[in-house]
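Both complexes below contain subunit A, partnered by subunit B and then by subunit C.
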Partner chain A sequence: MTQSEPIFRLEGVTHKYGDLTALDGIDFVAEDNSYIALLGPSGSGKTCLLRVIAGFEKPDTGRIWFQGRDITDLPAHERGIGFVFQNFALFPHLTIFENVAFGLRNGALKISAAEITDRVSSAIEMVGLSGMEDRSPDQISGGQKQRVALARSLVLQPKLVLLDEPLGALDANLRERMQTELRAIRERLDVTFLHVTGSETEALAMGDQVAVLDKGQIVQYGTPEAIYDSPALSDVALFLNRFNLFDGRLDGAIFEGPFGATPVSSVRANTSDVYAIRYDRTRIFDADVVDLPGPALPVRYLASEYLGSSIVFLFETEDRKTVEVDHHLSLGEPRDLTVGEKYTLSWDPAQAIVFGKETAR
Partner chain B sequence: MESKVLKPILAVYVGLFILFLYGPFIVLGILSFQQGPEGGPQFPILSWSTYWYQHLFGLTPPSRIAPLPVGEALIRSLVLAFMTMVTSTVLGVMAAQAFRKRFRGSGIVFYLIVLGMMVPGVLTGLGTSLLANNVLGIDRHWWSTAFLAHVVYTFPFAFLVMLAILNRFDGSVEEASWSLGVSPIRTFRKVTFPLIFPGVLSAMLFAFTLSFDEFPRTLFASGRDQTLPLAIYGTFSVEIHPNIFAFGVMTTLFSFALLSVYGILMALSVRRAKKMAMQEDIA
Partner chain C sequence: MSAATPSRETSNTVRLLAPGVVWMILFLVAPIMMILYVSFWTQTTFAINSTLTLDSWKNFFGSEAYVGALWTTIRLWLIVLSLTILIGYPAALYVGLLVKSKTVSTILLVLCVIPFWTSFLIRVLAWRPMLGKEGAINIILQKLGLIDSPIEVLLFSELSVIIGMTQIYVVFMVGPIAFMLGRIDRNIIEAARDLGAGFGRIFWKIVLPLSLPGVVVGSIFVSVMVLGEFATSGALSGRKVNLLGNIIVTQVGSLKWAMASVVGVILTILLGIVVAGFLRIVDLKREI
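And then the complex of A and B:
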């Protein structure tokens, strides 16, 4: 990945639907030639952001820059930004070949028939659909439609392609294959992908960079590792679905939670006091063990889920909150637990992340 | 079983419905083969003949019964129906397209358009003629005032048909086209129009047939030269001869021919629409 000039830049982009603020003053700079995953829960405004960049909707305030040019007032068809829809939006009355050729044939530039045939054929070959040129969109599978939609955009050689939950309509097997393929295709071309998704695993797996969107604002932007290891806000941690989060009260350097009072070393600014510890860093002990690595959280064992490479144990705290422990099987066989029995959970306090509404230190 | 009782009742009901629907036409069809020129609109048939069909085309020796003065009226009505069809469909598509986005006053505009098909036709016709004669001081013609009255009447039908079609239309294919660098006008021509074509056909059929046999509005608004419904009505007021029935059969056959064309075009484009629907299901 080469870091260079920003491919696009958002300056204070705000968009409202009536009283609802979908985008709330977004500032964002995207590097050229990279894979950016835009992660957000439903209703966070992520699709709206994509539509604003594509030019399907106009922001109420703010500017959008693309390749060093202000495109805020440019209509969608003059932007040269590709868009891949969740429902693919293929043209049902055209063959696969004509779908891919559509932009070349009907765009502002006049392109010779021979060149169109050449470029369309190589685009179809790139997505592995050679031989299907004459089929119509209702004669191919969901995964193939996805490839046609991608080829249709890429044949125009855009510098930026926006993908709106492109894998959402595919089944789990296909989704994983397409993840690998999308990355491979992007790396072959000099193009930036902005991939919107509601799935944290998809975002972390695919993005060179991940932007987390919440309530119309980008709350964190960084590499998947950085986001996974140190979420900037408790909402990000919650959304990553990898942390046990405990509400409590932070008083100076002491956090009081369901596990008692624990000293904390560093605190991140947040709207409430929250203590976070990753599922795979939470450990299980018998209820009467006293030699613990850190705080003691009394729990009752509920159930386990086998995930192939790891096992997830589900516990319940005294105030009926579910707590998860992720045990990776490469670390050895998991211990046998009895459903309904009491256990104690503990962890190394240095691995916890503490959010506090007092000023961060 | 409930269906043992219900089914025969429904069958009888449907039978009666079809009888009343086609009864008048069957009677008309039988009477058109009445003997001529002395036979009239009565049963029983004196003897079967095609006299009145020949009479219609001026192939019979001269008799006391004047040929039906419908030749020019028929041409006028066809031309008027065609003009109305094109205008109303274009307006209907454009208006329905405009209603895809909520705009200020869209509710009021909607009712103003739809009112055109609801106000009593005689009043519209009378109003149109008064407006032309007394206010604007222009002559009434079938191609001017009557044409306007027809468009006002048929435009709402075309509009409602297109509104229903566009309501179900998934706009993401248009956005996809824009994002491929294709201008909105070309997108409409290459993507939207082919996909809404079944609806456009229906709107055209509505506008044409409604205009072709429009009576109350045309009565006052058309001026001196009459359209077909007016010409036929004019012959009634003197004396009724079976040549009217022969003419009725001919126009009905023409309508069937029109419907067949519509049916064929529809079948061709419905195939596309199905593909569209399948694609939407996945989404």
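And then the complex of A and C:
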């Protein structure tokens, strides 16, 4: 990725609602012209962060820089940052055309009627809604509303567009199509999208960069690959929903877990000792097999879920913890398992990620 | 289903509508028709008979006092309506939109209704000790040294009628507007801000159009009540302000049924025009 001027920068941004700290000293630098996914569980402060950047809320402390300018004290309508609301927030009394034209007609700049018509028409065409200009928002579908909301922001040619769970209100089918389309639209324009989502699949699929927000702090920022392959904290791993996590005790270079004691090569700093292995790196063996690739975790088979390209097997450990194994069907037919039977799970220890309280290593 | 269905549906519709229709015919349509009929009766000093004549109508439009009352009614209605909008809208804006907590806005609306816990007449009469020559306002202004002699125009004038009516009816404007404002999605206002619109633009382009149905409903309430008013003008004008309502009261009092009916018909037509006019501004069916 090329080095470019950051589009926006947050310096120690903190925001509290009463006693609740929604944002806790966030430092963040966003590259220009990129798709950034902001991933966080509900209550992590992700919507609050967007609202602070947009100017709907003022941070208690910290500064916000946008295109090299400190905009912390600038009111929302002077910031020139687009915002797409989860419920789209279209103006119900205006036509699609007038919705898109709103920012051009009512902004600080005086724009000629001919230019407004031109720009609005091309924005509507870009999102594929030509011919619907005269409809009112209650006459169009959810996906179309989403496009109008997007066109309404993009027509002002912002450098940064904030999207607050933009796909949350759409059904699964439409969500996938809009994912592709959002990326395509962004690539055509020189604009940065900051896309807030609670869905890890959406974040990993859409972002050039993914920022993980937890308890008001950005705990990890990197490419989807980096985050997927090496989550910085056990909470990130938990939230990615791709890892079997085992609590245990780390003692020097030995991790003691439900699978016995196993040597570990590297440890990441964390608030507790956790051993993580990806679902698709976990393998199934018969209970009596002895030449395992690594630790042996005795389990009981519960059920499987067929997902088209892969099968998810669910097991239960002796202390009643559910463990998942993801078998991709391109790797061959899965083995037949009997519900209730005992099996052994194992994996290559080199592929495990170990988090530990001891940060010495 | 067989071919009998449509006719059964029709008969069901008729049966469901019948009680309401009968009620309305007996107690609304019939009395109005009767008033219209009586307005053409012949009135003598002590009696009335059903010989049809245009005398009462000619009498009304020939008399400066009666036609003057019609214009006074329209003028006062327009003034009170404007004042209730001017005072009511900002109050509604505060209660319905600017107050963030729903609980607080409900409490504020209830506070608006508290004057209604006393009777209408007491609310009207309470203005006398407020506005009178030795009333609260004059005393306070004199004590503060702002005026030397009491302001006499405050009571028993058109002004006192306007003050009284505005105070009594403004809440009927605040309620519907606050309700419409409360229904506006806050995200819509934030979206408008985000698109670069300042406070004034957001008000004129978003908030006002979306609350217009509330203004129309409030205006209909206020108009219907103000146009038919007689008590406030009777109690606060010292008989100087005569509205159509006051004329009906005096004519009925002196058993001049025909003239009272003429005024009643004119008032009904006026109300019909006003309400129809307001309904043309906004399609209320869309809002329900």
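Here is the rule we use: the second predicted complex is superposed on the first by the 357 of 361 C-alpha atoms of A that agree within 3 Å, B and C clash if a C-alpha of one lies under 4 Å from a C-alpha of the other, contacts with A are read in each partner's own complex, and residues count from 1 in each chain.
Here, contacts are C-beta pairs under 8 Å (C-beta built on N, C-alpha and C of every residue); 3 or more make two chains touch, one makes a residue touch a chain.
Everything numeric here is computed off the predicted structure, so don't read it as measured data.
In the three-chain model built by superposing on subunit A, subunit B clashes with subunit C.
Set side by side, subunit B and subunit C differ in how many residues of subunit A they touch, and the one touching more is B.
Residue contacts after overlaying the shared chain place A:Phe56 against subunit B and subunit C alike.
Of the two partner chains placed by the overlay, subunit B and subunit C both lie in contact with A:Gly107. With both structures placed on the common chain, the touch criterion links A:Ser136 to subunit B but leaves subunit C unconnected. By the touch criterion defined above, A:Ala169 lies against subunit B but remains apart from subunit C after alignment on the C-alpha atoms of chain A. In this superposition on chain A, the options for subunit C are 8-16, 26-34 or 152-160, and subunit B clashes with just 152-160. Applying the stated touch rule to the two superposed structures, the overlap between the subunit B and subunit C interfaces on subunit A comprises residues 54-56, 75-83, 85, 87, 89-93, 102-103, 106-108, 149, 152-153, 156.
Contacts from subunit A toward subunit B in the complex involve residues 54-56, 75-83, 85-93, 102-103, 106-108, 136-138, 142, 145, 149, 152-153, 156, 169. Of all residues in subunit B, only 170, 172-173, 175-184, 186-187, 190-191, 194-195, 272, 274-276, 278-280, 282-283 touch subunit A in the complex they form. Residue ranges on subunit A touching subunit C, taken from their complex, read 54-56, 75-83, 85, 87, 89-93, 102-103, 106-108, 149, 152-153, 156. Contact residues of subunit C toward subunit A in the complex are 185, 187-188, 190-198, 201, 205-206, 209-210.
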